[in-house]
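Multiple structures are listed underneath, in structure tokens.
Next come two complexes, and both contain chain A; in the first it sits with chain B, in the second with chain C.
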Partner chain A sequence: MRFLRPRVGAMLRSQPHRRRMLALALAALGLFLASHVQAENSAIRIGAPLPLTGALSPEGLKLQQGYELWKDVVNAAGGINVGGTKRLVEIVYYDYQSATPKAVQLAEKLATDDKVDFMFSPFGSGATKAASTVSERYGIPTIAPTASSAEVYDQGYKNLFGTFTDNSTLSEPMTDIAKAKAPKVQRIAILARNDLYPLALGQEFEKSGKKRGFEIVYFGKYAINTLDHASALTEIKGANPDWIVATGYINDMILIRKQMADLGAKAQVVTMINAPAYQEFIDATGPLAENVTSATWWHPAEHYQSKDAFGSTEHYTELFQNKFKSLPDFTNATGSASGVVLQMAIEKAGSTDRAKVREALAAGGFDTFFGPLSFNAAGQATSYVPPVFQIQRGKAVVIYPDAIKAGDLQLGVQ
Partner chain B sequence: MLYVQVLVNGLLLGGLYACIAAGFSLVWGVLNVINILHGSFVVLGAYLAFFAYTALGIHPYLFAPIAALVLFGLGYAIQYTVVNRVIEAPVLVTMTATFGLALLLDNIMLVAFKADFRKINLVPPLGVVDVGKLVPGLNVVVPVDRLASMLFALLFVALLYLLLRRTAVGRAIVAVRMDRYAATLMGVDPTVIFALTFGIGAALAGAAGALLSPIFPISPLAATSYLGKAFVTCVLGGLGSVSGVLVGGLLLGVLESFGAIFLGPEHALTLSFSVLIIFLLFRPSGLMGKRGFV
Partner chain C sequence: MRRALLLGGLAVLALALAALPFMSGNYLVRLATIAFMYVVLASSWNIIGGLAGYPSFASAAFFGLGAYGSAIVRAHAALPLAWCAGALTASLFALLIGPAILRLRGHYFAVASLVLAPVLRELVNGATDLTGGGMGLTLPGSTALSVDATARLYYAVMLAAAVGTVLFTILILSSRLGWALRCIEQNEDASTVLGVNTLTAKVAAFVASAAPAGLAGAIYATWIGYIDPTDVFDDLLSVKPIVMAFLGGVGTIAGPVFGAAIFVALEELVWRNVLNFHAGILGIIIVCLLVFIPGGLGSFRHAAARVRALASKQTNGTARVRSAA
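Presenting the complex of A and B:
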């Protein structure tokens, strides 16, 4: 072999451009190998635009807690099992300051600058729908933790998978219960925040109510950032409803509940969605929270045995309490569930290849602490029944479905 | 009867707005500073009252003077150390300075108090006055906490009026507003007067925060809503006038209440902002605005 060396050397010397080509090719090969090796062992990166400041920051921070708990549990176990190799999880957060256009920009940045492997949607139906265009354009499988309005999933996108069932799954059981347990309740007044999700939810209650023969005596929409609901509640009081339904975010619900008491607007049934699922609603309204009903996609009182990183609803709740010193609510839980379902899809696919993971997600069949998760053709979860609950003696008590209920509907809200 | 209740709702709401706007109007009228920090001061006052009530059991109405005192110190310090450096600059510069400070304060509160919404639940609750029981046939209810806040707003305005009219400090404040250099020649130190005025504005915000803590959910995010209401109240009522705050607040409250009835709750603000635009076009000085603060 020795004789070859001078010949190759002479050849290279005689053809300087070829030598440059060879050097370039070697460098390229090196780079390719280096990046390939790095990709094999590097963390799986997930982009998460969140409203960490601004009006939606309470929800944004809760979602982040959910993601972080999942990440910590997975990484403590060595990472996600990708076809036999364990890879750690890294979540890239950006704060979109509760401004939807900014959420879309940051999703774009995550896709192009940060080159994340997968994404979690921003908070709420509106922002999720807006940012889903970015995931679709770059073909990034994206889990939507908090989008329940069917309108989010009607664009024929292939990369969006939502953990929340449709809004009607909240209004239907509640109207069934009212029909069965409170035969005297006939007149419904609905006050909905003029915002994609709360308004859609209000309209679902209108539909579910009419379907069962209830009379809708008032339907009002209030503007975002409304500081006073006195006029609407005065009208509601005048309409003499048996059932008052209010939708919106937690600050709206605290204020509406307080002003209902101020104006003496009472009813047999008062439903507020989704604020009563949060302990802070109960703390902020005190005795006024009593007998308020609500429905939500997840509750710590559920008992699911799962094949995910958490094992069961109970174990999830315990881990969450250990880490954050408070009970998890549905926003925390859907954050963790988004991680869990992505993890299970990657493990099932045995790869982080986006097309394979997308296929695994679409195939569904994930047993999680959040409930069984499978998605319809549009990408929205359809596989579990969200529980209905009521605040009784300062605690949330599940009253539906029967399999997990801990009490019955109590009538009368002062 | 509906309209009587709506009118009462509007007047009570207007009282809250006047309560929120009093300090803002003073600072704008005297210092010509549009104090973006004002909403954050209100929120800080509410938080102080919340912790005083939950930890020490001090009633927010009793705590209001203490909140005012704490906020006075903070306001005085901020004016003396930061805003005074740019007080000579055009109004946009001082506005930007207070905007930056507001971002800072809001985020400090977000970190310190978390983003959770809180509210004081008075035990026992103050309840409502059922006017129907006093005047048969008049089916109107009045929530006591809102009524109390409205009365406090009246008290603030009266005190402010007396301060500006009857005390040496008050006359000095008015003098500086009218002609800063002439006031200096008369032996008034404008730097101190500015800091005092800003401090009084912050004190009024702190007291308002304490009074509102049983009424509105408390959160750092509420700051911008309060600021917006204070701004509109001042424009409607007119700058440089103590009673303008009251008139502006009541007008805004009543407009919003009737707007919600006639146009639907989603357009409650449409009517009030339409009136605001009409005022800006045809009567930019507001209902009772005048130069100087008297």
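Presenting the complex of A and C:
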């Protein structure tokens, strides 16, 4: 370094050099500023705190896939049409390590440091609720992709819009169908994973069942990471239920289904949420998957024609498969749907002004590949019916709602 | 002279802390609030871990109990009452469990204290009717206050808790209990011979360590507004305060305070610059710090004193010092 200094000094001392250097520096500065200003003009920045490591990382990565697919499709088409000018989308990701306090902290960082225009909520109802305080504080319209519990939306906030309908929209139609199609089914056994959403869902099934005069003969919870369900299933078998409901994630469901067969726990109806929607479940359990019912907010077997960036559910599924070599599930889809809703609201508002976009979001009426999306006064989606389906001959067949159904409820699970 | 300097420094610090929430963005205010929370946890750990020399991993248990205690009371009562309930829950738990596990020493005590948080986590998970189980608990938000005011309120409350914990430690250190604890730290058998009721002193220290940690958990719960068992009984809540105390200097008053501040600052700095491998880098930095300055930052003062002593002796020109050096 030292041997350079005299030469630079000499250069600066000679007048022509000095001027040229100054001009160069100014030009560089100008270029830098111009590019910076242009970047700020062109890209719409969206903040997305995600659990990319830790216990929730599988779900976090799925959400990110959903966001990325939407971003790629939109940017490939030149960006979002904001009142006639196309602006690209930029998503700022942070990993909150599956820790809720860190998610809130990062939401605050996205709002103040990164100055994002809009936000996507962290994963799950709890973290979404905790972080929604930040969006509300800074008036940032925020799409919640994975918050289904009604309590998330009860704070009177104006900036939170969730794509998932309430948990009861999964349990209500299922109990209706059982009541109508299987009059002999009376006794329900429920086994729920002791975790925010699966447990809440189990409780919804208990409520919906009681409301329709079913008898709840067993309600059990299993801990996260349980590797042996034998004792719970033996109790269930002893309770002699007509209908077994199990909630949890795919690995839990595969294990429970296999152990049910080992122990000879049978029932007329077996409902498992969320796993049977995935091909992995059918592959892993083989003939045991037959006649298992399930419900979810979105399934690739749906056929929505949409006015969004994807055009239809089929086209979305195709694009997803091309990019990630697997079938999209409801977590992937809700990530993409969050982007789609935000995009449609911006285009409708013709501006990225937060107040105008918030108004457009609240007005609703978005036709998406995920289903028609409108939000109630609290901000939760109420506009579509989550499908109920059953595995029949190794395929997921939609049995509800009537508009898209491809089969009827079959009784008897081995 | 030194006293005046210390008082002057404290006055400047107090002014800076008072001005911070009005001068800076809410993100910095949040970071500072988190730092205060860790000051409480590290200082409270210091009472049992530093003064008495008992390697406790119970901070997470106290923190979680405080959080759930306050969350359950908060549904029916005002904020200050909820905070008191949190501190009380943790203290009662320490009072009940202390006499049992404080009879163990060294590694055995460490392991016994380590399992408290997981056991409580499972209990809370199971008691769905009271705690919401794995669904967590949502606390009622304070709708009366503006969002900026809420940020400042929790900044102030957490700061007060941190200052209170430090004063509490000073009080203990200068009391008979403080003497007893330091005797136990030096040699427990010898202190029994001297007439110290070691079990009583240790239980008192355990409870004194639990109350501030429970309070921190209580304030945290009302601040974040949503708690679940994995968040508030997180094992890292036991480990981080210990690392902070070691960074700053175990068994001193100021050590845990500086340790917590440095840890939070380091964590933020590393996280901002190394997005993909931040946890790993932070771990490496901490291991290096602990290996190369095992006495924490406090050891710098001793080192400075030694250098000064050496320098003054050298000016005297004695050959003895030179040969020793």
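Quick note on the criterion: the second predicted complex is superposed on the first by the 374 of 414 C-alpha atoms of A that agree within 3 Å, B and C clash if a C-alpha of one lies under 4 Å from a C-alpha of the other, contacts with A are read in each partner's own complex, and residues count from 1 in each chain.
By our rule, a contact is a pair of C-beta atoms (placed from the backbone, for glycine too) under 8 Å apart; a residue touches a chain by one contact, two chains touch by 3 or more.
Not measured: the values here are computed from a predicted model.
K.L.:
Quick check on the superposed pair: does A:186 touch chain B, chain C, both, or neither? Answer first, second, both or neither.
P.N.:
A:186: touches no partner chain.
K.L.:
Have a look at where A:155 lands relative to chain B and chain C in the superposition and call it first, second, both or neither.
P.N.:
In the superposition, A:155 contacts chain C only.
K.L.:
Contacts for A:284 in the overlay, against chain B (first) and chain C (second): which applies, first, second, both or neither?
P.N.:
In the superposed model, A:284 contacts chain B only, not chain C.
K.L.:
Applying the touch criterion given at the start, work out whether A:221 contacts chain B, chain C, both or neither, answering first, second, both or neither.
P.N.:
both
K.L.:
Look at A:376 in the shared chain and tell me whether it touches chain B only, chain C only, both, or neither; answer first, second, both or neither.
P.N.:
After superposition on chain A, A:376 lies in contact with neither partner.
K.L.:
Looking at the overlay, does A:55 come into contact with chain B only (first), chain C only (second), both, or neither?
P.N.:
In the superposed model, A:55 contacts both chain B and chain C.
K.L.:
What is the contact status of A:194 with respect to chain B (first) and chain C (second): first, second, both, or neither?
P.N.:
Both partners, chain B and chain C.
K.L.:
Scan A:258 for contacts with chain B and chain C and give back first, second, both or neither.
P.N.:
The first partner, chain B, only.
K.L.:
Which residues would you name on chain A as touching chain B in one complex and chain C in the other?
P.N.:
Residues 53, 55, 194, 221, 223 of chain A touch both chain B and chain C.
K.L.:
Which bits of chain A are touching chain B when the two form their complex?
P.N.:
Checking each residue of chain A against chain B gives 53-55, 57-58, 61, 191, 194, 220-223, 225-232, 234-235, 238, 250-251, 254-255, 258, 261-264, 280, 283-288.
K.L.:
Going by the contact rule at the top, pick out the chain B residues touching chain A in the complex.
P.N.:
Of all residues in chain B, those touching chain A are 2, 5-6, 9-10, 12-13, 107, 110, 114-119, 121, 123, 125, 128, 130, 141, 143, 145-146, 215-217, 219, 221-222, 225, 229, 253, 256-258, 260-261, 264-269.
K.L.:
Enumerate the contact residues on chain C facing chain A in the complex.
P.N.:
Against chain A, the touching part of chain C is residues 25-27, 30-31, 34, 122, 125-126, 128, 133-136, 138, 141, 143, 147-148, 151, 220, 224-226, 228, 230-231, 234, 275, 279.
K.L.:
Within the complex, which stretch of chain A touches chain C?
P.N.:
53, 55, 94-95, 97, 99-101, 104-105, 108-109, 111-113, 126-127, 129-130, 133, 136-137, 149, 151, 155-156, 193-196, 198-200, 221, 223-224
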